[in-house]
Amino acid sequence: MNRTKRNLILLFSSLGLLLLWQGIAKSVDIPVIMPSLGPIFRALGFLAGGPSFPLNLLATILRALRSFIIIVISGTVLGLIGGRNQTVSLILKPFVTTLKATPVMSVILLAFIWFSSGSVPLFSAFLMGFPVMYLQIEHGVRQLDPNLGEMCDLYDIPPKAKLFYCALPSLAPWFVAGSKATLSMIWKVVIASEVLTVPRYGVGSRMQLAQVQLQTDVVLSWTLIAIALTALGDLFFEGVVSLVVRTRSTVQRRRVDALLKRF
Amino acid sequence: QEADPGTIRLGVMAGPTGFSSAGLDQPDIDIEVFPSPNEVIARLANGELDMAALPTNVAANLYNKGVGIRLAAVIGNGMLSLISSKGGMDVRDLYGATLHLPGAGSTPDQMARLLLKWADLVEGKDIFFDYSVAAPAQLAQLLIAGKVDYALLPQPFVSMVLDRSPQAAQLLDVQALYAELTGSATYPMSVLVVSEKFASTYPSSFRRVLAGYKNSVDWVNGNPALAAQKIEDLGIMAKTLAQNAIPHCNLVYESASEAKDAVTFYFEQLYSLDPSSIGGSVPGDELYL
Amino acid sequence: MRFSNVSKAYGGHIVFDRFSFALDPKTIMSVVGPSGGGKTTLLRLAAGLIEPDSGTVEKDEGKVSFLFQEPRLLPHVNVWANVEVTLRAFYEQEERNRIALHYLELAEMKESLHLYPHELSGGMRQRVAIARAFAHPAELMLLDEPFQSLDIRLRMHLIKAFLTLWEEERRTTIFVTHDTKEAILIGDRVLCLGDPHEPWMDEYINIPRIARDVHDPALMALEAKLFGLLTRS
Amino acid sequence: MNRTKRNLILLFSSLGLLLLWQGIAKSVDIPVIMPSLGPIFRALGFLAGGPSFPLNLLATILRALRSFIIIVISGTVLGLIGGRNQTVSLILKPFVTTLKATPVMSVILLAFIWFSSGSVPLFSAFLMGFPVMYLQIEHGVRQLDPNLGEMCDLYDIPPKAKLFYCALPSLAPWFVAGSKATLSMIWKVVIASEVLTVPRYGVGSRMQLAQVQLQTDVVLSWTLIAIALTALGDLFFEGVVSLVVRTRSTVQRRRVDALLKRF
Amino acid sequence: MRFSNVSKAYGGHIVFDRFSFALDPKTIMSVVGPSGGGKTTLLRLAAGLIEPDSGTVEKDEGKVSFLFQEPRLLPHVNVWANVEVTLRAFYEQEERNRIALHYLELAEMKESLHLYPHELSGGMRQRVAIARAFAHPAELMLLDEPFQSLDIRLRMHLIKAFLTLWEEERRTTIFVTHDTKEAILIGDRVLCLGDPHEPWMDEYINIPRIARDVHDPALMALEAKLFGLLTRS
């Protein structure tokens, strides 16, 4: 399927979604709760022009990115270890299970003590996202082809090369699936925690304020922005993945070409 | 001679509990606004706040849990109303209906239970409570939309609903009913608490803050428009909402000794309802400064 | 390299039962035998990839190169890197490039260095695996049907190349094949598996490799014997 | 690693976690915020003996199970379709992205209007969990070995047999990883939504009240129960997986035996 | 089955360039050729698994059975089910069981029906793939090096069995091999690939299969010719 067709389908299904909203909004006909598209986009234009708009956006993005990076790194490293070593996996199990189970609400208090209120979204995002990433990688490691591992060990392929040439490429689909799921969750958790803790800047903080003032159209236009952020995150991720794959193949090809020229 | 306490940290919650602090004009008081009582409580327990404005029952609860605080003053009296989203209703229509309450264990919830008890009605049989919309703002939204029939709400949401929805009407003034049933004029909804350590280490600074606070309450009540601007600047609530609500919020300043009887009486009522709601026992005289 | 009373069973199926043999250093042992007779199992035991249920496998040789029965290439890197990466632990980059290229050229894969395994034909994959196995500076070479799915010319070419290389630097080698001619032309010794306890046949060939000829009566007799063993039911 | 050793390691690491808590609690020394183990377990004993304990537990379990089943079925079915058909995947993309991004807070109201109030936890669990499951399966389908698919098609293996003999077993690791991540999230989201919406019965409802009344020990003993639920869910899941694998191999073996006896 | 001016290239690499041939129904065509010469590609084009870049592949035969160059067994089901499941679309259970068992017995896999692919030796996997390909009620059989990694006895046994089966029910067959003897003994026609535009050799063998003998001068000449083609560099 070519690019244009892809984008067309995406466009149409997005339009379909908007139309669906409009239809329901018209039939429900209670603007305080479900405004139609007109007011939402008007509010969107208005707030996008506001002076603190970039600040709020940036604050949320930074929070999401920070927790994303922390989760991806810690989840991947621990997942790699836990997938290979059953003892480590068992030792981590109670911690992961606890993280998986502890309701965010009951740690927010603790988070308040240990961190400043701006860090609470980070903390709760970590709690929600870490198990997803960790389990994903752990599972992926368990699914690695033992035949290839055997080959690598027998041929004394150094650990670094084994990681980059064998393990990581095979883990990539798990890593990508995990990262996407994690990122999608992080946006939500960060915004939800911002709504709860109202840091000075943040999409969630603005939502909370608009909600208290019953400006549903504003709430929804912030929601639209959140959706756009998520979609951009996805796009970015897909871009990075295809870039890495292409770069890898170009680099390998270049090295072969350079080599052939010399010998 | 007393040492300089440095910056005095006062924690208030977003919402009407924080209104009365808007007129504080002493430069060494740092007002921090928090979205929920939880954060205030954590900081108080932690020693990161010297003073805080809190719901009355939370103060008792904290005190009973061994957090070193004292009740300095009552700063807000009752301001709850039972609203119906359709006009022409009567209190009797509530029988068998569902009453929405913003948050289990909140003051509206406790008040609703008290009234029910006094009326000899049973929740789950004569009337049904629904907590599914915990945020008062959202409840207000649903009332305006007519999706919810009855709700017990605090200010400023009461005025908000009444302003925006022509059909909505106040069915009950909870304060009036409370007075009628108990003989006590009203009930204290929010109080100013001070950490025990601060009060005993810096008594004169503390007195200065209290005096300032009293002035602040008067100023806010007297200048709603100016106060509303200040309230918005502090991040407590939006200007438009605050300005309309200030007259209805029953902001007062009653020193601990003045208010002690009313507060104790209120605690006794809550205790009879559920001892855990105030931490297991009615606090003695030591709570009051 | 010595197997002493090695036993190995999978589930109830006994592959080796107190099986012993000693491999002379720096010689090639050809191994033939019926399908499922334990040839691959023998190589895996020799490589230390599996442990015997009882008995011991002693090994003086250090590094091992193993040409697996399937190519087992890294799917995400190209032909070139598939060989080069196995040399990282042993050579500097310059040396590594030279060696990898040399063996890939030998396997006639120089035109396809940039292709990925899924872009190769079956025989090409096998050739990459051969290049990798030959390039590895091993003291013990374990080759599991190295020349399968190659055309005649390549087969002959690679056998010749292998023998030349081997004469340059002798390494202890176990060479599994289904081709009796290959077994006889290449091995210093031919082992025919079939019975868990002892080989069906275990013969040394004392004719120098270069002097061997398929029409030599001794070799023809040997091949006939092997053929007889392998075709009886 | 044998069973006993596994269980021992698990036991020790769980104990380690508890000790860690106790250590921090003792050093923080603010029981309202971080009670030590004694009061928590006392409260646990007390509430476990209470009359409404089974009702609360059951209500939460049923909510979690219902949304889990809905998510697993819908996520798997749509994931299977989306993974095979790029058009469907593109059409679903805006919906999934929206689901992934929409903060629970801003749909609670809609949920309230469309469903009864008890369904809000279900609805929010769906919103949080569905993208995880869907993306997981979609990704897994994309990773299926095309060689095997080619073989199945060429040999006219009927769709049902293809599903059960080829696709599902290959998808199993993705399905298991997705289900585990989803289930772990559902416990949390259900409880968090119960905290927000306080249905009559539910672990989260009890937590909310305890939290408002500053009974941190009670909050934490409910948290312990939630952790136990999650751990049990995990165990159950692992049990089911190993049961399925064992049953499949037994069934296949039996059929072979029966056949050999007859022919 | 007819290729008309078929072209196929991968990237810049041209495998077929306006390549044509017609296959006589109910005959066996042996295909030999250098590694990477396009044998597998030819089969895949014939099966319709890939489309030619230009030209047409016409096919009168309906169902196709394909013995892939790798075994391609379902990893999660045992040997028995691997064969049985491919018959579901065609036979009732009773019939299916009989047929599957028959072909597995032919491939000497009856002892190992309950094993999973990863528990099999390389040759055993190949045998399961053979049983599957033979059992399938196809009108067109595409066999990509079916007898590789089998020992001599099995190879001879399976070739005989294949020919017996084939005489019972003739099906159009393309048989890819690296073994020139096999190609000549089995095929009604031998095609030697090598040039993208036309085969290096395309000869019909008019001796009845049962009367063929490797020592027949005509066949020996043919083999010598093939050998010559395949070993020139």
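Order of writing sets the chain letters: A, B, C, D and E. Residues in each chain are counted from 1.
One rule holds for everything that comes next: contacts are C-beta pairs under 8 Å (C-beta built on N, C-alpha and C of every residue); 3 or more make two chains touch, one makes a residue touch a chain.
Just so it is clear, the structure is predicted and the values come from calculations on it, not from any experiment.
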Tell me which chains count as touching both chain B and chain D.
A
Going by the touch criterion stated earlier, list every chain that contacts chain D and also contacts chain E.
none
What chain pair shows the greatest number of contacts?
A-D
Whole-Å distance, chain A centre to chain E centre, using C-alpha means?
49
Separation of chain A from chain B, taking each centre as the mean of its C-alpha atoms, in whole Å
39
Could you say which residues in chain B touch two or more other chains, in rising order?
38, 41-42, 46, 138, 141-142, 147
Interface hub residues of chain C, defined as touching at least two other chains
70
By the touch definition above, chain A meets two or more other chains at residues 33, 109, 113, 211
So the complete set of touching chain pairs is A-B, A-C, A-D, B-D, C-E, D-E
Counting only contacts in the complex, chain B reaches chain D at residues 38, 41-42, 45-46, 58, 61-62, 65-67, 103-106, 130-134, 138, 141-142, 147, 276-277, 279
In the complex of these two chains, what residues of chain D are touching chain E?
147-148, 150-151, 154-158, 161, 165-166, 169-170, 248-249, 252-253, 255-257, 259-260, 262-263
Under the stated contact criterion, what part of chain D meets chain B in this complex?
30-33, 108-109, 112-113, 117-118, 120, 196-199, 205, 208-209, 211-215
For the complex, which residues does chain C have touching chain E?
10-11, 32-37, 39-41, 69-70, 112, 119-124, 126-127, 144-145, 148-156, 178, 180, 227, 230-233
Looking at the complex, which residues from chain E come into contact with chain D?
47, 49, 63-66, 68, 70, 72, 74-78, 80-81, 85-86, 88-90, 97-98, 101, 110, 113-114, 132, 136
